[in-house]
Amino acid sequence: MKRGVPLIITFVVGTVLIFSVFIPPMENLGENFTLFFDIIAVFAFFLGGGNLLRVHLTKLTRRKRDWEYSIVTIVGFFFMLACGLFKIGNPGDISASLTAEGSWFQTIYDNVFVPLGSTMYALLAFFVASASYRAFRAKNREATILLIAAFIILLGRTPLGTFVTGWIPDSFSVLQIPNLAIWIMNSPNLAGQRAIMIGIGLGVVSMSLRLILGIERTYLGGEDK
Amino acid sequence: MMNAFTPPLALALVDIGRIISLTLIAAGLLWLFIRAIKLKEVERRVIFLFIFISVAAPILFPTVFKEKATPVVKAVFDKIESLPPGSKVLLSYDFDPAMAPEVQPMADAFSRHCLVKGHKIIYMCLFATGQGQFTRTMENVIRPEFPEKIDGVDYVNIGYKAGNEGVLNVIISDFKKMFPTDVNAVPYDSIEVFKGIRSCKDLDLIISIGGGRPGIKEWVLFVGDPGDVPIATGVAAVVAPQLYPYYPKQLLGLLGGVKGAAEYESELVAHYSRFKDSPTPALLMMGPQTLAHIVIMAFIIIGNVLFIQGRRKEGKR
Amino acid sequence: MKRTTLILMALVVIFFALSWIFKAMAFKGVEEHYILQGFLVTLAAFLTLSIMSFLYKDNPFYKFAEHLFVGISAAFWMSMGFWSTIVGNLFPRLSEGMSNFFKVHYIPGDYNFFFYVPVILGILLLMRLSRNYGWISRWSLAFIVGTTAGLNFIRYLRSDFINQVSSTFVPLLVDWQGIGHFFSSLNLSASGQFIMMLANWVIFLGVMCGIIYFFFSKEHTGLFGRASRVGIWILMITFGASFGYTVMGRISLLVGRITFLFRDWLGLNI
């Protein structure tokens, strides 16, 4: 029950989806399976929410370190959930879009979710700058190649590149830094990315096959019953 | 914002501001360089301050550069331009607020271009946040600039569905099965934009705007290649290099980061005079972008001076 | 709490209260709900600055913003998933009554009862929260894993392997139009024969050498080793390009936030 049934489910679903590409009558079944998958994905969101609540309630009741902030998480969670699941503050009726202009849900999205989410990532600009100063060193030939490529791209993707090398005549325009940046992206970068892509592609294909055939079982966890 | 009617005093202030901020940054970098020669490092907060100033100064005292579309960007522009009016274009908002500063300008520019050309747009998203971001396009582009366009007739928003590539695997053969209604619960069959569309294969162009997963890669794998549908993209700079292996066979063109967006905006303004006064956020962002790139390159050089000096000192010992 | 911390917090509260007042005054006559608008812009600025304060060091404002983000985003995804997919795709196939309640279009079908399968699997997935019956969620997990494997198998094989290999076999020689033509146009257009040929050679050899570098079943010595070395160089250029683009991307995000602070919050529109 704990291992056999999941292995059978994975095998059946995986096989159906592969065959649905080759056998048109099976296409509909494949579509339905993916539709089931989409619906289960929403339950996974609920699982995430439930887990978050459990972690923070435990932290709160056991008065663990920084437990006060768990109140913020829980209040924020329930308030957003009320505005979302029950469409509280939505100007339309039950069929109106959840993100309708003027709805509380969209207002919180615009004024809380957006500043928080985007600033979290904006911080990375500072850390990238710090890394450039501390870690980006031409220690050997490989690192120097990386550095030169990065320099050309950094220059070439701004108007500064044109400003510095704009004097080079059109017949030698490939030597202008913006064009050199384009060439790097279209040739060596493409080659390197393609080599990586082929490697990953083969990896995904073999892993998919191992999962479907039940050779790869790590997703079932450690309990062997 | 500066324009032809900006008073001379304000223009002078902007120039003075530019000079002061550039001098400040140059002097600071020189100070860092001298410290590096003396083998003295600086605290990371000083680096943070530099980056803040180099981004903030050009925002306060803006400089707009001219941009010329590169072939990868031009390919997308030309494709939309060459489609006959009434063509069906799908714009997928596959991004969140974290990517929005880079890709929202692209999304708005694509919308402007498609609407002015008279194409019918289907908006959808593989990121739940994409639906909220579409509201921005609605508020900033469609309603103020194209008030004559009607929801359901000229464009439709079918919104978000959970399931990532699972969604694409269904709409490649049956749109209605995945999207029985639009976001306002209007049934699929009564939406005029969908007339003659059964699946993604019936679309003239698909543009995915994003930078994460699910995103353009899934569109290529699950729709573009199996359905032979033309696909283009506008992506955050971080993922743009990874997409070049698809170009031009599997991906007809791509806009990478804010530079790609700026190139598209400039192309749009050059072709359509009605957009001369429309916001061009990406073009404006190229000022801070340029200065920040210079500062980061200076950091790399200074860091390497530190490294070389350190090695030399070790050698002497 | 220390006295200095309390004073600091009080100052922050006063500062943002003043911001609210000034913003509301600025919106008066422009926005209908100017007090609310003033509050919302101030709140967004407060949250932006709270996250940015982490650059100095970890502090209560950052922790507050971080915890709020976690709670809000979890609820955001749950709500979006519920209304878009459960109400939009599941209820219309399960019951006409429910479809009418949610005012969505009912989709009749002979095999609609099959749609109880994802409901059951979904509920089983939620059992993961239970300590004793958590194992049963493996059934749903198996469905998710099976679907992902089945979907990816063909698509990756076709798009990321076969198509990529086929695109790598590019012409390595161009039509010879004389030495002058060959070298005269060193530009990126089609007329630049030397550049075009060079690009094709770089693509072909670059991909081959890159793959050789990733091939670990044979020792990297001799010709194979040299090819692997070229592979590393190609990969280094690739990583350099990625670094350049990453810098560009991160800076753009910062530009976005600082633009908000200067223009929308402080109203510095020069």
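Here the chain labels run A, B and C in written order, and each chain numbers its own residues starting at 1.
The rule we apply is simple: contacts are C-beta pairs under 8 Å (C-beta built on N, C-alpha and C of every residue); 3 or more make two chains touch, one makes a residue touch a chain.
None of the values given here were measured: they were computed from a predicted structure.
The minimal number of chain-to-chain contact steps leading from subunit A to subunit C is 1.
Note: the chain lying farthest from subunit B is A, by mean C-alpha position. Computed centre separation for the pair subunit A/subunit C is 4 angstrom, with centres defined by C-alpha atoms. Centres computed as Cα averages put subunit B at a distance of 13 Å from subunit C. Chain centres here are Cα means. That of subunit A falls 17 Å from that of subunit B.
Shared interface positions of subunit C, i.e. residues touching 2 or more other chains, are given as 55, 76-77, 80-81, 84-85, 89, 103-104, 147, 151-152, 156, 159-160, 164, 167, 188, 238, 241-242, 245-248, 250-251, 253-254, 256-257. Multi-chain contact residues of subunit A (touching two or more other chains): 21, 34-35, 37-39, 41-42, 45, 95, 98, 109-110, 113-115, 117-118, 120-121, 125-126, 128, 132, 136, 147, 150-151, 154, 157, 182, 185-186, 189-190, 193-194, 197. Within subunit B, residues 48, 51-52, 55, 71, 98-101, 129, 131, 159, 161-163, 166, 169, 178, 185, 226, 241-242, 245, 257, 259, 289, 292-293, 296 each touch two or more of the remaining chains.
The part of subunit C that touches subunit A in the complex is made up of residues 40-41, 43-45, 47-48, 51-52, 54-55, 63-86, 89-90, 101-104, 114-115, 117-119, 121-123, 125-126, 128-129, 135, 138-154, 156-157, 159-161, 164-165, 167-168, 184-188, 192, 195, 198-199, 202-207, 209-211, 213-214, 231-248, 250-251, 253-254, 256-257, 260. Of all the residues in subunit C, the ones that touch subunit B in their complex are 55-56, 76-77, 80-81, 84-85, 88-89, 92, 103-105, 107, 147, 151-152, 155-156, 158-160, 163-164, 167, 188, 238, 241-242, 245-259, 262-263, 268-270. Against subunit B, in their complex, subunit A makes its touches with residues 21, 27, 30-31, 34-35, 37-39, 41-42, 45, 92, 95-99, 101, 106, 109-110, 113-115, 117-118, 120-121, 125-126, 128-130, 132-139, 147, 150-151, 154-155, 157-160, 178, 182, 185-186, 189-190, 193-194, 197. Chain contact summary for the complex, subunit B toward subunit A: residues 44, 47-48, 50-52, 55, 65-67, 70-71, 96-101, 129, 131-132, 134-135, 138-139, 157, 159, 161-164, 166-167, 169-170, 173-174, 177-178, 183-185, 226, 241-242, 244-245, 247, 257, 259, 286, 289-290, 292-297, 299-300, 302-304, 307. Listed in rising order, the residues of subunit B touching subunit C in the complex are 1-2, 10, 13-14, 17, 45, 48, 51-52, 55-56, 59-62, 71, 98-102, 128-129, 131, 159-163, 165-166, 169, 178-181, 185, 187-188, 211, 220-222, 225-226, 236-238, 240-242, 245-246, 249-250, 256-259, 281, 285, 288-289, 292-293, 296.
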